[in-house]
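Following are the structures in question.
Shared between the two complexes below is chain A, which has chain B as its partner in the first and chain C in the second.
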Partner chain A sequence: MIAENQFIRGVKAHFQAIKAALAGRMAYRGDFLLSTIIMLMAEMFAPAITFLIYSNGASFPGWGIYEVLLIQSIFMMARGIAFPFFFGMVWNTLSRVREGTLDILLIKPLGLVHLIIMTAFDCNDIGKLFGGVLLFAISMKHLPFPGFMQWVQFLLLFILSLVMLFAFALIMSALAIVWVGNSRIFEMFSAVTSFSQYPLSIFSKPIQTFITVIIPLGLLGFFPASVLLGKYSPQITAAIVSSIFFLIASFWFFKKMVRQYTSTGG
Partner chain B sequence: MNKVIIRVKDLRKTYKTYKRGESFKDTVKSLFARQSINLDALKGISFEIEKGELLGFLGPNGAGKSTTLKILTGILYPTSGDVYAMGYVPWKDRKRYVTNIGAVFGQKSQLLWDIPPADAFYMNRSIYGIAQKTFKNTLNDMTDLLDVGDHIHRPTRQLSLGERMKCEFIMAMLHRPSIVFLDEPTIGLDILSREKIRQFILEMNKSGVTFILTTHDLSDIEHLAKRVIIVNHGDIVFDNSLDDLRRHTGNIKLIRLSSHDEIGDIQIRGVEVTENLSKYNVEMILDTTQTGLNEFVRQIGIQFRLSDLIIEEPPIEDMIKELYLDREAESKK
Partner chain C sequence: MIFLSSMGVIGKKIEFYKTVAFVTYKEWAAYRSHMAVSLFVGPVFFLVQYFIWHAVFTTRGSLGGFTLEQMVTYYGISSVISYLTFDFADWNLQMLIRTGKFATFLLRPVTHVYFALAQKIGHRILSFWMEFIPVYLIFIFAFGIRLVPRFPVWTVISILLSFILAFLVNYCIGISGFWLIRTNGLRQALHLFKDICAGVFIPLTFFPSPIQKILLFMPFQYITFVPTRVFIGSYELGGVSFSIPEIVGIQALMVLAMVLFVTILWKKGIKRFSGVGI
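And then the complex of A and B:
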């Protein structure tokens, strides 16, 4: 009866789920357009602050306005990819655990993380990606064009920024399994990741260590931008190693929390 | 010789939960310190299920039916005990095991609310990797059997509960599972939908599919199951044929009587009035070993000018009480 191998099955199922999510979303087109615009506006808050700071004669020491905007655009692009394609797993888990419908996913023959991700596709957040790309293009126009190797390094670090966001999503989903109905999880994430929208050098040494070695938040914007700008930071290697550990730890934590799942009453 | 398809041994599940008082003071107190309590949902149950069986899992709310079913489907990890289902340990080999099972949860939908069931069926086709031709044939067979061919292309939210539930069955059966778990599948359905679904289950069971049905609706069991397991407070209190269950409890009937006159004392052997609903309406229990149903109806017709008479099976709680009383009586002998 089962005709295909698991990988092909997983890919096909993923596309089918995205198709279904889009069809479902298009049932409420007005809400979709409005949500996309609101998401984009909310995302522009940090760049707007940066613009205000620089237009009033102040600055982040050692950083020009377009260099800071570049960091923020990379942060937006990373979120613009993460949020529609996998970050929705946090809300998906939160609501499914509260309603007991995680059960429905657990009786399907794919990995639970994959099932949570594929049933969480949310095209509203695509606005973040458009906004990020636009801001990135504007910033790059005012900055020296990077060399080929810088682009390669940027691409690798950008992938790691997505890895970091994935690990965050996994940890928050795991928390949602045992911490039922706690919608403040996302606010905690927003507060923590806001560090990554600004140049590392403006923070004190302990915070710098925290966002490079302990939780490498610098990968979400600062480090990928710094290689494009040719401002190599000695902490990059520590951040890369730390991000791999962070990912492994997040998988371990998720698996551990799934064992604690209690479902809802019958 | 029948083959055992599920073997459960000494299965236990304990939930940790928190107790809180009702007052405002208790609510504030619970913010800082909560009293945890362990709840034994399953207290070491053991049973076996053979291939092709249609087993009814019966019990009042909170008895442990759904917990058992969730462990058997790989959704929950047990606290201790063993389960081997088709050679798999459900919670350990979940991905491989669930390709062989299907499930319908009466209160949790597998369909997608804003899009037609057909789209959800296609998603399941991808998830299970069902070949296109097999998928089409199975879908056609099922839509014919359940008579929902016209409905599967309408958004799920526009379907009636009965139509939705039929589509839930298709969703659960598309990959042709060997075992199907049904958790309260007929809850809230009208008589026609209920009948259609029961016919479908019987049809599928004839083709060799094993069904495990949990419910607290006795009529589902009567129409479908040959073997019944009754659970109460996490223990199995009965595991035998439906006929045997009837021998234990079938002598008791629940009767609601309405009369044009005031209802006084009822002088019929084996009748016990359980509730006076009004001067003209009473609820009673009849032990048919003392007065047969025919005789009861004849006598009650003489004593009162009847406006209504309803004869029902007793609720599951009363049946369990009856089972316990029977067991006590047997042990005294």
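And then the complex of A and C:
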């Protein structure tokens, strides 16, 4: 009963924080609209390159344009959900550690992870989700419609892609605690995840192993797309198992870094 | 006598801006681990491009006027050049205007545009040995890219012009802060547009021909595409070819045009500034 009350209280607090963030952002509607469009356009970088490659008569061997765009749309959709709803925790942690205000969250009667997520809702990133859904719909229109089981498998793998992004957010937030004020961890994230936007087969074997088994980046786009396309890859199982370990490792790393946090009281 | 006196004033000003550059260098050197992130980010991004183009070129011998070797070299060169020309004058100026701190520059015997340029020089000198040289060596020894300019003198001149042009374009974006309160969205929009039109993401020869022709008359291609092509040793866009001295000359004219544009924009913008109780 107490646990249930705490859960309801947490959900209520979360929605309240989202409402406050939305209200604050709407004070500058023009900038919000422009930022949302920009976020969408910035995400279109990889699809635009794909389009230019195919429109110049070239291709990724064995992959049609809409198959590649499907991978990239799933990557965009995953980011479009992760960035507004929980990925803001990275920037939140980064700025709070620099300003010394993380202490305020540490003394509040809610979990630290929950608090840094709920105080970091970023509606600008919704543009990523809209763009992803649109590109997904366009790609699917040009591809054979998948069966029911394929959709179920896709849904499970898509959830795992969100789990992967959450694990990344935890690791980056943990890094932000000890690497004070370094906003370039976002660039590191973008660099690493750029492997996820293209067919696995274009990479060399060692890199394929790395993005399947060590850090299962393939789950962010390639594997969910491959089940929809009926191109089952034997590496999927390894990636699924690895993603669970990756999540556990990220929690461990975050807790370890929080224990190392020092401050003079804000 | 008057000549000697004015020379003395100019000498003092140069000394002042040298100090600004040196202080910026020292300030950023304290955060050198932040800069060192480029040693990871640059090669990883490049690695992805390397595999993309290797896969694409298995189906074609040449694409967009590039062979595989030229394409990989294009990305290598444009990456390392970006470390020399990177700029955030827009963010700085907009922050100063938004917070009202810009008022302090109006009270000082300092021209802000030179101040900002001196800051950039200090910042990029640090970047030269923290980012440019290590990544340059990684590209040569780990990826085996031939990063030797065909015309070294013209390449240096072109990169210097690109350095100034990147600053002027960003400074223009910064000046928009005189008209707008919150400019993050606009700044990001303009940066994205600038990078696309500069050939950062993909060589401009991949764009449809009419767009290539329009890009010839815009300042953006002179920031990345032109110095990269000068480095390679040939230039062509929109069906128009120029010799290397010609395109560097046009790049210099574009810098002059941008100086004029910044001056006009500045004079209009500064009239709109107000700051109270800073």
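Things worth noting here:
Basically, the second predicted complex is superposed on the first by the 259 of 266 C-alpha atoms of A that agree within 3 Å, B and C clash if a C-alpha of one lies under 4 Å from a C-alpha of the other, contacts with A are read in each partner's own complex, and residues count from 1 in each chain.
Convention: a residue touches a chain if its C-beta (ideal position, glycine included) is under 8 Å from a C-beta of that chain, and two chains touch if they have at least 3 such contacts.
As the structure is a computational prediction, the values presented were derived from the model and not from experiment.
Superposition model on chain A: chain B and chain C are shown accommodated side by side without a clash. With both structures placed on the common chain, the touch criterion links A:31 to chain C but leaves chain B unconnected. Of the two partner chains placed by superposition, only chain C is touched by A:184; chain B is not.
Once chain A of one complex is fitted onto chain A of the other, the partner contacts of A:23 are limited to chain B, with no touch recorded for chain C. Measuring from the middle, so to speak, at the Cα centre of chain A, the directions to chain B and chain C differ by 80 degrees in steps of 10. In the superposed pair of complexes, A:111 makes contact with chain B only, with no contact to chain C.
Of the two partner chains, chain C is the only one touched by A:194; chain B is not. With both structures placed on the common chain, the touch criterion links A:56 to chain C but leaves chain B unconnected.
After overlaying the two complexes on the shared chain, residue contacts for A:13 are found with chain B alone; chain C is out of touch. Of all C-alpha pairs linking chain B and chain C after the chain A fit, the shortest spans 6 Å. Residues 28 of chain A contact both chain B in one complex and chain C in the other.
Chain contact summary for the complex, chain C toward chain A: residues 31, 33-34, 37, 40-41, 44-45, 47-48, 51-52, 54-60, 63-64, 181-186, 188-189, 192, 201-202, 206-207. The touching residues of chain A, when paired with chain C in their complex, are 28, 30-35, 37-38, 41-42, 45, 48-49, 52-53, 56-61, 179, 181-182, 184-185, 187-188, 190-192, 194-195, 198, 201-204, 207.
Of all residues in chain A, only 1-6, 8-9, 12-13, 15-17, 19-20, 23-24, 27-28, 99-101, 103-104, 106-111, 259, 261-263, 265-266 touch chain B in the complex they form. Contacts from chain B toward chain A in the complex involve residues 15, 61-62, 65-67, 69-70, 73-77, 94-96, 98-99, 101-103, 105, 107-110, 112-115, 119-120, 122-123, 125-131, 134, 155, 175-176, 183-184, 214.
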